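Paired with chain B in one complex and with chain C in the other, chain A is shared by the two complexes that follow.
Coming up: the complex of A and B.
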């Protein structure tokens, strides 16, 4: 089995943005403990697009979700390992994402690490407007910017500012809601709303959505799949994160929209110098956009390295099978079969 | 379709629905036989009986009788209530207000407690609090109302003496005016806090008894739909934005979990109205339910028809409200057609 070099396990070299070390995530099920992710290690170099490929159910998504502590526990169990992450905003401080407290990880979520989900139709809340949903990112992480943009940062620290701060952070109760109706405070609130509007429009414009002012007032079901995914991307890159996790972002879309979304992701990645962890089961697609690739099979990384090298000289039999299977699609006939192994 | 247009359209259809209901109500009531018995006494001679029949148009064919009745209703004459020994129109508003006060109080108990308990339990699935709430809701859904009411009565009225029965202390309420017929509101309008306290105190026990079953149903529905919503991707997406737990729960998941719950809330309204009959008898609440029970037993058709007509109209209006709330919560719902 080709593994990442053991020296990576203990060192965190300067050019990395994140490093997964011996990650183990298990799930309790009726048959006992399922080893979904069983000792996965790989690095993400700062500024690269790292691909994580493998078949459905091999543990790719669980690995990705572990970055943000989004694996539900129970039934999940983080059985071991580390995910070290370099937060560029806080002076390149290196943290272990798995051992952060709820509040610490919340500060990173959406701000330093963002995620694009597989099905944009499901990942947007059907009951809220696009504006409301994107605005939340700014409200949570960019409070200062909102106040500055509204040109009222002089009141940020006083009593009225404290009320508005609660409003921005969505921590209102009945008393604060009533206070927000008082005319002078209401005027400030309107200014803040307008500032948020502007930030949302900017974020949407970044993803080349036509008419962001109008799109923002819509509900998710009124948009097409590609538009929804653009909205998700706008939401993810709103705070210019260090690491963007894209969990099969094009699987739910048709081929043409797929290509456009991919273009958008690579372009934004270049412009913002964001590192991307790109998860997919589509090898040809990964080859096109990723600098390096890790191939995952049954909860383990079976091969990793430079994407061209892996495609030209696959070493592991699973990788060979996967490449063969993916280029079979043009011909009719017997499909290449990959023998599974039984996992516990 | 715009929500406002939808409401206007539905309100325009309402009169036709009411006419339809009135025909059904009238026909069904008349199947029970001629209502003449309630107007007669033993001393009347056959000639006098005939005279009474002619006076109430009961000698005419049933369809013609319907037109006489509906004409009376349009003119504000709902008939003579044998049970109350007074015209229905004189007695009805007061009793209606009493019943509505009870039903609304029970509804407030059921909706607020039901949603709160369901949310609390759904967010803490299979934890201790969830089990406790499950016990409460299973018992609420399975205990018969009359039995639970009597239990409350024994414990809180007979043994502990914490709560009174009846509707109010007459000494306090004879002194104030009754513009709305809702004692709590009347007391507040009169600025009489003692009377308000008294009205609320009388209201608590019957409202809790009546609302308990509905609370259980709403809590169960809320719990299961919240658990379902919490599995959705958008909840993870909301967490991935860095939002605090309570925002994810209340703004994102609960909002969508309310969609199926609202339908159930609309249905429990009928449950509450039906329950007022039992609750009013047990707690000696002078409302429509008690009057109605007596009217059914004595064949007081004018009262029965008025009651059924009014509750049907109420139901239509509640349904309209539910539809509008539903469309507001779930934007994918297209109102109309």
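Coming up: the complex of A and C.
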């Protein structure tokens, strides 16, 4: 084991955004307890892209899901460890993600930590339009901005504002629905709806989706895989999170779309100064975009450090094998793409 | 996106194109439904039946004081169809068959709508609770469902209606008790399937509450098979309900197809076929139409089932 243990196991230095310490996640199975993640430790420095590489089943995704408390218990067991996270919005307060209650983690989810999934086709609700799905993020976490965008933030505090807030937060009951029909309130409501539309369009435009105002009325099945992944990204960055977890976001896409999505992620990461935990099994890809890399094998981190150093001087035999197995020997040239059909 | 920019996008641009997208999609769905001729036939019959039920007081003069009771015209008893005043003839107790057919549609609509909505609500709630809670709650609820499902529908309804005593309300109650289990079972299976979908995780990650996830992600996406079952049951319930009334578990003299069939039954051997035939035909058409529509709905809502076109 080389470079396995970070030096700052018990301290949380200032330049970190998150730090995983000795994380252990086990699963009950018929053969007994499976040690999916067995003592994983790594840090994510604020503003960097951290890569987590390893073969299928080595515990990458489970590690990522632990950040969000998404590991189902049972059959999963969080056997130990800490995931410390610095919430920038609440005055750099450091919290342990694993020990938060359901309500506390809900406040962080979406707003401070966001996640992009492997298969964009499965991660969007097939029964709702893109608009509704992205609007939810704004409605849940950025109601102030919605009011600001609608230029009616002056009524935020009074009685009408309270009703409209309920509407934005989707906590409507019959009385509020009736109140919303009263002409002046209705006018405000329409303004808010338009403001949300505009925010959604902006979010979509940021991911370079052509004709966002048309795309937002579509259902997921009417979009291509690359478009769906862009929608997922738009949804994830809509709240400007501190940490973006990308769980193999390009695995389900073809090479050209993959390259574009990667470009998009790195560009957005630079613009918003978001930290990214990039999970992948594709080494060449990780080398291209990540600042630092941790290599996982059978639930443990076998090697970690600066991505160039690791690729040039792999120390652990597993890393060596991985690098040999991938087509890394000669650099790839730029992919030529043919102009195809774009949605009008 | 830390700062709110004010991009100039005209409302016309947003809403003009959005409206077009929505309109096209809805037209597509309607076209899809209408491309299946059997569905169209079913739909036409269903619409005619519902119109007949709604406009019953206009089509025939309602009987006072209770319009749901058959009017008795003892002098014209046993008249054949096309007798003036009695287009479809009368029963041997002087009941106008046409009146029974028209008002029977109203009774049937009332029966099926009431039973379907009650069973739907009950079944969806119980199925959702079982599917979401899982574990022991699920086990207990589903064993209860199994017990209900183990008894044949008609015999079970008959037993309950017989215990409660002959009345139309009791038939409704008996049918509710019998029919809710299917919905509970379908709903549970759907909820279990849907709650493992990635978009439920994605919603969690976005910070949605459990109730929001249930209402927005789980419920709408698990609803289409329940909807198909409800349409099919609209027909089946009238079939079972008419059977119960035929046996005599409904109030006597009520304008209901099953009651009318049983009233005309005595005359069949004497050649007075009309009193039983017309209401029987109505029950048949009703059940057939809703089954056709239900099948068509299944084809549209669930693309995986093979279309028989």
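Criterion: the second predicted complex is superposed on the first by the 322 of 344 C-alpha atoms of A that agree within 3 Å, B and C clash if a C-alpha of one lies under 4 Å from a C-alpha of the other, contacts with A are read in each partner's own complex, and residues count from 1 in each chain.
Just so it is clear, a residue touches a chain if its C-beta (ideal position, glycine included) is under 8 Å from a C-beta of that chain, and two chains touch if they have at least 3 such contacts.
Remember, predicted model here, so these are calculated numbers, not experimental data.
S.K.: Evaluate whether chain B and chain C can sit on chain A together after superposition, giving fit or clash.
M.R.: clash
S.K.: In the superposed arrangement, which partner chain does A:228 touch: chain B (first), chain C (second), both, or neither?
M.R.: In the superposition, A:228 contacts neither chain B nor chain C.
S.K.: Does the superposition put A:197 against chain B (first), chain C (second), both, or neither?
M.R.: second
S.K.: Check the residue A:240 against both partner chains and state whether it touches chain B (first), chain C (second), both, or neither.
M.R.: second
S.K.: Just chain B (first), just chain C (second), both, or neither: which does A:216 touch?
M.R.: In the superposed model, A:216 contacts chain C only, not chain B.
S.K.: If you stack the two complexes on chain A, which partner ends up touching A:281: first (chain B), second (chain C), both, or neither?
M.R.: Neither chain B nor chain C is touched by A:281.
S.K.: Would you sort A:35 into first (chain B), second (chain C), both or neither based on which partner it touches?
M.R.: In the superposed model, A:35 contacts neither chain B nor chain C.
S.K.: Using the touch definition from the top, say if A:272 reaches chain B (first), chain C (second), both or neither.
M.R.: After superposing on A, A:272 lies in contact with chain C but is clear of chain B.
S.K.: Between chain B (first) and chain C (second), which, if any, makes contact with A:189: first, second, both or neither?
M.R.: After superposition on chain A, A:189 lies in contact with neither partner.
S.K.: Compare chain B and chain C by how many residues of chain A each one touches, and report the one with more.
M.R.: Greater contact footprint in residues on chain A: C.
S.K.: Clash with chain C: which of chain B's stretches 58-66, 184-192 or 202-210?
M.R.: 202-210
S.K.: Per the definitions at the top, what is the overlap between the chain A residues touching chain B and those touching chain C?
M.R.: In chain A, residues 68, 70, 106-111, 114-115, 117, 119, 122-128, 136-137, 140-141, 170, 219, 232, 235 are touched by chain B and also by chain C.
S.K.: Show which residues of chain B lie in contact with chain A when the two form their complex.
M.R.: 232-234, 236-245, 247, 251-252, 255-256, 259, 329-332
S.K.: What residues on chain C touch chain A, complex-wise?
M.R.: Touch list, chain C to chain A: 1-2, 4-7, 9, 11, 13-14, 17-18, 21-22, 25, 197-199, 201-209, 212, 216-217, 220-221.
S.K.: Taking the touch rule as given, give the residues of chain A at its contact with chain C in the complex, in rising order.
M.R.: So the residues of chain A in touch with chain C come to 68, 70, 106-111, 113-115, 117, 119, 122-128, 136-137, 140-141, 145, 148-149, 170, 194, 197-198, 201-203, 205-206, 211, 213-214, 216-219, 232, 235, 237-238, 240, 272.
S.K.: For the complex, give me every residue of chain A touching chain B.
M.R.: 65, 68, 70, 102, 106-111, 114-115, 117-119, 122-128, 136-137, 140-141, 170-171, 219, 221, 232, 235
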